[in-house]
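Labels run A, B, C and D following the written order; every chain starts at residue 1.
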Amino acid sequence: MRTDRIPGLAIIKGMAFAVRQVFRPNLTVRYPEVVNDISPRHRGRLILLYDEAGSLKCETCFQCAQACPVECIDMGGADTRNRYHVHWGAAEQYAERREESALRRSGRPVPDRTFDAFERIDLAPLDEILAAEGHRPRRALAILEQTQGAYGHLPVAALQHIAHQTGAGYSELYGIATSYPHLHFEPAVGHIVRVCRCTGCTLLGGGRVLAAFREHLGTDVGGVSPDGAVRLGTTDCGGSSSGSPYVEVDGEALPKSSAEDAATIAAALRANVPQGEMA
Amino acid sequence: MRRTTDRRSLQHLDERLGDHLVVPAEAMGDTIELVIAPASVPAVMRALREDGDLRYELLADICGVDTGLTMQVVYHLWSPLSPDWVRVIADGLSRDDPRVPSITFLWPGAEWGEREAYDMFGIEFEGNRDLRRIYMPPDYLAFPLRKDFALADDASRGPGEGIRHMETPLPPGEVRANPVIRTSAGAGAVLGPDGELLALGAGSIALPEAPDAAEERA
Amino acid sequence: MTAASNSQAGLSTAGKIILPLIAIIVVVSVAGTILWVTGVGVSLAEWTLDTGKANIEILRFVAAATGVLLFTIPAAFVIIYMELKIIAQMNLRVGPDRTGPWGALASLMAGLKVLSKEDYTPRGVDVPVFTLAPAVTFLASVLTLLVIPFAPGMIGYEMELGLIYFFAAGSLGVIGLMMAGWSSFNKYSLLGGLRAAAAVISYELPLILGTFGVVLLAGTLNLGQIVENQAGGIWNWYAWQQPLALGIFFIAATAEAGRTPFDYTEADSELVAGFATEYSGMRFGFFFFAEYVNVFILSALTVTLFLGGYHGILDVDPFLSAIGVETPVELSNLDPGSLGPWLLAIPFLVPPILTLAIAALLWMIKTGWGFIKSLLVGFLLANLLVGAIVSIWALLSFEALMGIVWFMGKSFALVGLFVMMRGAYPRVRIDQMMNFAWKWLMPAALLNIFVTAGAIIIVTEYLS
Amino acid sequence: MTSDREQVRSLDDPEIMVQTPATIYDAIPPLTPRTEREAEFYQLEDGEMFLNLGPQHPSTHGVLRVVMKIDGERIVDVDPVLGYLHRGVEKICEYGDWHHAISNTDPLEYAASMFSEALPVLAAEQLLDLEVPRRADYIRVLAWELNRISSHALFIGWLALDLGGLTPILYGFAERDEIVEMLAALTGQKLLFNYMRIGGVNGDLNHEFLSRLGDWMSRAGEHINGQAKLMNENEIFVNRTKGLGVLDRETALGLGMSGPPLRATGVPYDVRRAHPYSVYPELEFDIPTRSDGDSYARYLLHIEEIKQSLRIIDQVLHKMPDGPVMAKLPRLLRIPPNRAFAAIESPRGQYGVYAVSDGSDQPFRFRIHDPSFFNLQAVGSLSEGQVLADIMAIMASLDPIMGGIDK
């Protein structure tokens, strides 16, 4: 039988040693007050140089990004007409694409196999939207909303085209698209009912309204009713729920909604009655 | 570079494995190189490992190589008796269906090495209990380290081809038809339309073809 | 998209808060004056007083429970700060030093951060059990403080079976751990919960058997009484009569509190975060507090049972009577007249001397403050100090003040020992731990009981 | 040759995520087992369950996923899944020239990057049959041994951290920071030094490096002795590691292991002595080995190796010749067609590279043999029947670096 020896002297010696360390000077360097001296040969500093006129010396010619052996330089630049348009990022693993735009020549994107699988969409309306927004990545949300208006939903090919044109990363746009409830990837379905779940509305009975919708629409939050007519979603009323839980059908708010008329709304939507006649 | 000092193990290897060798054993600097046909891999490796005065019991490395013409599997062994490596090259695997017997029955540790060679080159190791992809996702179709797997990203085309010539833009939807395939047949080798070798270029390292590979090609 | 906003929403946030308050104040004051004028208020007050006097016991229990609950929060903050600082010093690090002087507010900031984080309920979780688990764990560990005597008069609730109540309430905590582990839809927390169940039961036995020796000696389960028996100097503490029991109790206490080297439930390098993997926000805060309150409670119980509770090392009374101050020092019988001329000196000399002393101290220990600034802070601290001493003295009799000081000192010393063990030791494997409990701690505890019982029989029967 | 792309969707294809929201309860159908081992592993008897020691776990030393079949706390079978950190370094090295290979292999074994960047350098020199100036060789050995000590200090810290001890990791980092700041004075970087060049080293020893080295040598290994004092005889640590993950000579050789795990089983295989390179033949130091091959032996071995490295540094400082630090090399390096296998003794074992050149200035094939790739295989056989907590101790004692394993 393997008996464990009663923990003897070594444990107490270990503790004594550790306690003696308490009285030794600490090694941490308090960074903002005390700055460690950097050796003259330090190669860790990435500095963009300014010329004597005070403007940036770099003219985004990408020579450094191309020459970097480990391809760790990710650069973006604006051309003379100040459109954010040229971008050079590290190639991802093996077969990923990278936009070829050396020497500020608007090269064709190398065809990218991972996106071949999506159905082609007509990019004309999307190009108008992009031209209207001036290809500025800061306007990404406006572009996405107008694209949803034009196509009814956000096709992945459209997202890729926006990413290519404005230079914002695909994953960035995907992030923006998925973080707003009113933007969705699935092709448009009849109507969308959204119930607010903030604390105010829940106290005012939002939970019962949502339960009623779940039961009448036969689906949970985020799903589509069995006959495919209505999608149930949640939203946030931003504190403006005055007196009754905030319910929104296809974007317009419904005044004074309660659990009972949730049933009528659901039935009406399923029968595809236009919004006007609803209670 | 250290010259191979002990001639003794060179002769010993020659007469011990003579029949399997395609080319007589050759001392390249600090390594003794044996080129064998894929079929005789188990016999040669067992001999190298179990022979009393060879005792190459440590498997230093196992890897696949795609020379553009044939596939190779290269084993490096070390024995406590002599400081030199022994490099066993199983050459002449066809590029469409590369097959070689596995050596996991001698070294269980070769399992992952063979899985990596399969994952990167598509070399089938018969007898390996667990031959599946080790690095790439399970549903990945291509074999990345093969020479015909050109990186779609043009920036990765090496500076080797001299000054980087301007890319003529392709019309949209076009894919570069015949990406430059570098083979061990040396720069300037003449390749047929689907990559089969017509003439060796200068400075080729293409190994003399294994006997059976030659008839199979003829 | 913007909903119609009604009048109440038009106010600014401050408006939303102050408006209802004003309304409440107006209503209360009007109702109060009416009641007082018509005489109904007076009878109402008398009625409440009578019912209060009738069941004083319940009121006392409720007051004690809230007092204990409120005490554990600052105690937990102090212990967390001690842990951060002591382990940092052991690692040759500085530890927290940005929030407050020497990082004193670090644990408070951690508490606020945990409060502000969203406590997220992942999908697939058994919601009622998931939300109740932290409450069970925290309350189980807090309620055990009711029976611990802090000072001669100050005990939450004087129970005859104090020790049994303590272990009963204490072992509820493990149910909270299992609830957490079982209900969060995560294999790691399941393992953490199961480990908690298996290990705590196998360490509860030596913990309880370890205290039998003291109970036999003290002859009672009432913790207040046990501490009373250890009055006098350090030599009649039970630790000297029960050394083996102290060792067993301490080791079992580390396992009960889940502290390194028995850090099995929340073994971060194996089970990610053990049972608390899926918890965030204040729910995790409750588990975090429960662990540290557990550490304090177990060290407090060790002090109560073995180290003489609120009794000091030396009995102060003989010395006091030697220098003419008869004990216990009641504020009433302290005759200021007897001081004579010195009476004038006190209000004029003591404050400046104290201020200068503290200012010099602050100025010397390189806090980088100028002399004037340290003078100011010195004055402030001096007043605080004097105020505190006088007020405590006034409130309590002399030995109650000393009682609290001794009890807190010993308890926090033991907590420091727990913290240092966390810094210095690796973690014991779970089966080694169980093996150790059943094969070493249990026989030792039983042997201790047997020996103590035998000793008592011999002493009472043959020697006296 | 690659099959054309019919409608097979890759798992990380955004379209899949959008269309099929997986509800929490219907398990994603497992891939059909493709090999005999996979079929045998994905069979669950009653009472067993799969537990993912997932890619994101506090003690997997990087991005490694170990699918464990556990029965309660006891591990029945283990299947490590690699590839989460695979960057295709070998493919990228084939597309950069020989000098690029140095920067590409630098981040492979990032805890001791002086060794991983020496691979392309030694390979190219062997292919070119190039004679490196002796001073450059001595500086290389100095840099290697310093980096070995800093890597071993980290190993001891990680082993203690995986067993729950909080203090040794800080002492390990204290020792490592001193060494790494010294190397930063020499090479300019703290983690990925990028200091080796084909034909020599990037810069000669400068005053700041020598002065820091001088005052460090006086208290070299002081923090590591602190770690040893805290852990060597500590019963809790000894019980957790002694007799755990025992490897005998045959299985270790069979698995192709190298480095401390192999030497702990008694095989004195150290590339510095087995296949001498650089100036190691002129230095005398011995190769510590143990015989019982468990985690505790591997831990003690690391401490003895640190003492040997200190001995080597002393000798190198005394014998340091003067002269140039770089050999003459053409700007555009085209290596004639050749094959070479260059190996180096890194803190984790035999780190080798099989380089094939074809006359152009790009490597034709650049195969990297990483020691922890083969050492990690031992986790499979060692952890059957152990408790869940033990697999941490076993993996920590094998000291895997995922950057090198996944290449």
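Just so we're on the same page, a residue touches a chain if its C-beta (ideal position, glycine included) is under 8 Å from a C-beta of that chain, and two chains touch if they have at least 3 such contacts.
What you are looking at is a predicted structure, and each value in this text was computed from that prediction instead of being measured.
Averaging C-alpha coordinates per chain and comparing to chain B, the farthest chain turns out to be C. Relative to the centroid of every protein C-alpha atom shown, the closest chain centre, again from C-alpha atoms, is found for D. More C-beta pairs touch across one of C-D and A-C than the other; that pair is C-D.
Rounded to whole angstrom units, the spacing between the C-alpha centres of chain C and chain D is 48. The centroid of the Cα atoms in chain A and the matching centroid in chain B are 45 Å apart. Rounded to whole angstrom units, the spacing between the C-alpha centres of chain B and chain D is 25.
Residue positions 4, 11, 14, 17-18, 21, 27, 71, 94, 113 of chain A each touch two or more of the other chains.
In chain C, the residues touching two or more other chains are 90-93, 423-425, 432. Shared contact sites, meaning residues of chain D that touch two or more other chains, fall at 5, 10, 86, 88, 91-92, 96, 167, 174, 230-231, 234, 236, 239. Put simply, chain D touches chain B in their complex at residues 1-3, 5, 8, 10-12, 31, 34-38, 82-83, 86, 88, 90-92, 94-97, 125-126, 129, 251, 253-258, 267, 269, 274-276, 336-341, 343, 350, 352, 354, 356-362, 364-365, 367, 369, 373-374, 377, 406-407. Residues 4-5, 7-8, 10-11, 13-14, 17-18, 21, 27, 36, 39-44, 69-71, 93-94, 113-114, 116-118, 156, 174, 185-186, 222 of chain A are the ones that touch chain D when the two sit in their complex. Those residues of chain D that touch chain A in the complex are listed here as 5, 7, 9-10, 13-15, 18-19, 21, 86-88, 91-92, 96, 99-100, 102-104, 106-107, 167, 174, 177, 181, 184-190, 194, 203, 206, 208, 226, 229-236, 239.
Residues 3-4, 6, 11, 14-15, 17-19, 21-22, 24-28, 30, 237-243, 246, 248, 251, 253, 255 of chain A are the ones that touch chain C when the two sit in their complex. Against chain D, in their complex, chain C makes its touches with residues 87, 90-93, 123-124, 185, 187-188, 191, 195, 260-261, 263, 267-272, 422-432.
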